[in-house]
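Two complexes are shown next, each including chain A; its partner changes from chain B in the first to chain C in the second.
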Partner chain A sequence: MSDPVTGIITPVRLEYTYTPGVAASRFLKRIASKEIVGQKCPRCAKVYVPPRGSCPKCGVPTEEEVTVADSGTVTTFCIVNIPFAGSVPVPYVSAHILLDGSDIPLVGLLQEVAAEDVRMGMRVKAVWVPDEELAPTLLSIKYFTPTGEPDVPIEKIMEYRDA
Partner chain B sequence: MELCGVIGIGQTKHDTARTDVSIAGLVREAALRALEDAGLTWSDIEAVVLGKAPDMFEGMMMPELYLADALGAVGKPLLRVHTAGSVGGSTAVVAAHHVQSGRFKRVLTVAYEKQSESNAMWALAPKIPFQQPIVAGAGGYFAPHIREYIRRSGAPSDIGIKVALKDRLNALKNPFAHLRMEGITLEQVAASPVLWDPIRFLECCPSSDGACAMVLASEDVATRNEPAWVLGTAVRSEPLGMAGRDEINPRAGRDCAEAVYAQAGIKDPRNDIDCVEMYVPFSWYEPMWLENLGFTEIGTGWRLTEDGVTALDGDLPVNMSGGVLSSNPIGASGMLRFAEAALQVRGRAGEHQVDGARIGLGHAYGGGSQFFAMWVVSGEKP
Partner chain C sequence: MRDVAVVSFVQAPSVRRDPARNEVEILMPVVSAALEQSGIPLRDIGFTVSGSCDYLAGQPFAFVMGLDAIGAWPPIEESHVEMDGAWALYEAWIRLQEGDIDSALIYCFGKSSMGELPEVMSMQLDPYYLTPLWPDAISMAALQARAMLDFGSHDEREMASVAARSRRDAASNPNAHLSGDFDVDVLLKEPYLVSPLRKHDCPPISDGAAAIVLVAGDKAREICERPAWIRGIDHRVEAHQLGSRDLTVSSSTALAAEQAGGRGGAFDVVELHAPFTHQELILLDALSLSNGARVNPSGGALGANPMMAAGLIRIGEAAQRIMDGSAARALAHATSGPCLQQNLVCVLEGE
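Right, the complex of A and B next:
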């Protein structure tokens, strides 16, 4: 008699068509011309980048488009030391970056700086792919890198939180 | 509202890979123990409430349908609850509501995860179109928030190490715990590799197979079984990507605690609650949740850890079972917290029993610190 089957492994695969929606589509199209756009909530005035078409706090549509800078401030970060499928080589710094003019940090890769030199409050800017490679994807931003400007004081960083 | 009591508690031995059982066998093991504890059989159960983490983990859609037979639920109301990592807690809350509504007298609630048949790291790091894959699993998500907590509170850098040691030592007293690290030391935790700086390997939860089950009953049934009486239940959530959101001290967690304390008549949680079993998948979340739950002033949670207040023999024991840091069958992890609180107030926690525990808090959270579930239980009938 053969051994009983106690387990099976069946790899799963899911193919799908991604539809970003109206707000995110506009965001992605503008990224292709090195422009970062968000949307401002008509009620609480928070600027969402990327825009979602509505404000999760107020539950109202957001229609006013706002262009924000491609530079910002690191609010917090972590140093990733373990690789995973498809990740950039470790160690790398994954940072929460509050772009100037935005009210919500986005997570970005920091490069051209040693991990131990990264600080909360550090000023950073986007490094774009060469113009001929620009496309409607966040991958058009290769990574963020320090600008060399003085750090933003922690109290200033905290202002974006309602707490 | 009808009274509800926990009259049966069961859990599996948690382990890296329970190759001796299928998923159905796993949930059944916990359910049978809960039934035995309650002195009931399958036919006594009127409804079943099941919880587990997202289907993508094991790649099995709507597992409640497949598990209906194993859980004796055929022909009975069977409800599945989904709230990410907090699901074990919110599943117990839903089960309690089944009884409190007066509609059911005996409800079986079960939660599970079989991580050996899943790939949580993969499930939590999907390739999102048009974005760079840089957030590596749960650790990669929570590490920046822990860094911000450390900055804000000015906590010494070894607090996370102390929590990790305490919980692993507590686990040695819990026969069901997954990690049993005899002789573990502070030095060992401190020297473990830093995976997602500032999180070290031994400050992380393991990946476990396991299940937890409870039988909840109405007042007339429960009174005979030395129950843990449910004094309050609450669930709150908030959006992940909300501008101005404080991920370190989330409003949903504060509101959830406030609601559950109000129901349970708790005015001063630090003095009124005898023990807390909270969801701490990364050690630094102990001080963070102590603050969020109102046990201490903002910025001072780490002092309770440092002063030994949260030790098993401390003034406010936290994670007596060894916690999520010692066993993490994700879907079941929240229910294990709720079950431990109930075990404590029933005086049945064995070697990890807190002397004279009368009121216990069970806490679970999930998603990006956005889903919360809590209950307060008491050994004394309200």
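Right, the complex of A and C next:
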């Protein structure tokens, strides 16, 4: 009797042509010129970045485009201690960043700051890739880094803390 | 059994490829139109359930993003099936039988154009023996067609006739995108795509979405002049392994139709979810209808086949004909899995 088969490897590979949609396409095109645009809900006035063409809270289409800042506030963060292929050296911080003028945090990499110094409420700004490398992708933002401004009081970001 | 009726049905016009819009952008106008047609705002809908497939988007939990089209705040009672929307409708119908709510919203969407659909479909097979062989959807359907032809119950001319009739009917359906006037003799001279299937035997690849509102009892009569009452609904599944099934017949369709009260019945209109021509022939054998019902006046899945929506659209098309007064009794069918593995039958009637 031969050894029992305890496992098999069956490689799976599927290729997709991703369609970001009308709203996100506009967002990506503007990123290439260092501009971050969101969309404002006509009903609740919340601004979504990146925009997806709808307000998930109200279920209505969002059309009004608004430019938001490339600086913002850390609402919450995670210290990553386990490296993976292609990751920046650990420990590093992945943070939720509420850009000024937006109502939903973006996930961004924090650099030029020690992990133990990152705080909820910390002010940060985007560091863009050199102009010649700008492209319609979020990779156009290399990372975020502290601005040195005073922290935003935690009460002011409570609404966005868990988002 | 509590009386439950379709009171509104809306679908996005299917297209081969929607290059601009994402799923939410396709879905949003469909859902809002279905709600508007029902006159029930989302906050008064008792239960919401969707049907979609993450493999079509190539993204885990893609179905959660579908909720962006709904506005699920404050939180709603919501569910999802990783299947065609017809099964979402079945879940909604069961939920309405509980009696504590009166309405349900069902929506579904599929953007097949983003991946290689025939290969994506092989992901639904058993992962040990079949998926590693990468049998694509058309090849599997061809195996079934070959089995049917060898058995001798139908021939290639009948298959081509299904294609010609469906594509002709699709011409008057603004939501279909593959239509035209074809001569059966000319079709039969076409080369095989995957023997014994020719191109005309296969469905188009479509991007689309659909939504239905179900309402129970007298409330349905209040908001709809002619509600399409669900008189019976049932679904049955067969073995996962193609090799352990008789592919020349559809025993699950026969059983579901029996349970739904549709087998051997007389209908004004029948909407069958048969993506491949030979499958319509197998389904009609299983249903043993007693009169010359009009089959797939919409053109069926051969005119537009938005994955995860084409089944619900069959129920919607059948219900629409009752709501507009052109039919009194209709049968709708939806299928899931390779070679008609799982089948749902729904019997609809006017008052």
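Methods note: the second predicted complex is superposed on the first by the 155 of 163 C-alpha atoms of A that agree within 3 Å, B and C clash if a C-alpha of one lies under 4 Å from a C-alpha of the other, contacts with A are read in each partner's own complex, and residues count from 1 in each chain.
The rule is short, and it goes like this: a contact is a pair of C-beta atoms (placed from the backbone, for glycine too) under 8 Å apart; a residue touches a chain by one contact, two chains touch by 3 or more.
What you see is a predicted model, and the numbers here were worked out from it, not measured in a lab.
*Asks:* Just checking: does A:Pro150 make contact with chain B only, chain C only, both, or neither of them? Give me first, second, both or neither.
*Replies:* neither
*Asks:* Touch check for A:Val12: first (chain B), second (chain C), both, or neither?
*Replies:* both
*Asks:* By the touch definition at the top of the document, which applies to A:Gly21: first (chain B), second (chain C), both, or neither?
*Replies:* In the superposed model, A:Gly21 contacts chain C only, not chain B.
*Asks:* What is the contact status of A:Pro89 with respect to chain B (first) and chain C (second): first, second, both, or neither?
*Replies:* In the superposed model, A:Pro89 contacts neither chain B nor chain C.
*Asks:* Check whether A:Pro4 is in contact with chain B, with chain C, with both or with neither, and answer first, second, both or neither.
*Replies:* Neither chain B nor chain C is touched by A:Pro4.
*Asks:* If we overlay the two complexes on their shared chain A, which of chain B and chain C does A:Pro130 touch? Say first, second, both or neither.
*Replies:* neither
*Asks:* Have a look at where A:Leu138 lands relative to chain B and chain C in the superposition and call it first, second, both or neither.
*Replies:* first
*Asks:* Intersection of chain A residues contacting chain B with those contacting chain C?
*Replies:* In the superposed arrangement, which is not itself an observed complex, chain A uses residues 10, 12, 18, 20, 52, 55-57 for both chain B and chain C.
*Asks:* Would you pull the chain C residues touching chain A in the complex into a rising list?
*Replies:* 18-22, 24-25, 28-29, 31-32, 42, 55, 57-58, 65, 67-73, 111, 113-116, 119-120, 123, 127-128, 131-132
*Asks:* For chain A, which residues are in contact with chain B within the complex?
*Replies:* Contact set of chain A toward chain B: 6-7, 10, 12, 18, 20, 28, 41, 44, 46-48, 52, 55-57, 75-82, 84-88, 91-92, 94-96, 103-104, 107-109, 115, 120, 136-139, 154, 160-163.
*Asks:* Tell me, which parts of chain A touch chain C in their complex?
*Replies:* Listed in rising order, the residues are 8, 10, 12, 14-25, 52-61.
*Asks:* Per the contact definition, I'd like the list of chain B residues that touch chain A in the complex.
*Replies:* Touching chain A: residues 19-20, 59, 117, 121-122, 125, 127, 129-137, 140, 143-145, 147-148, 151, 193-199, 239, 241-246, 249 of chain B.
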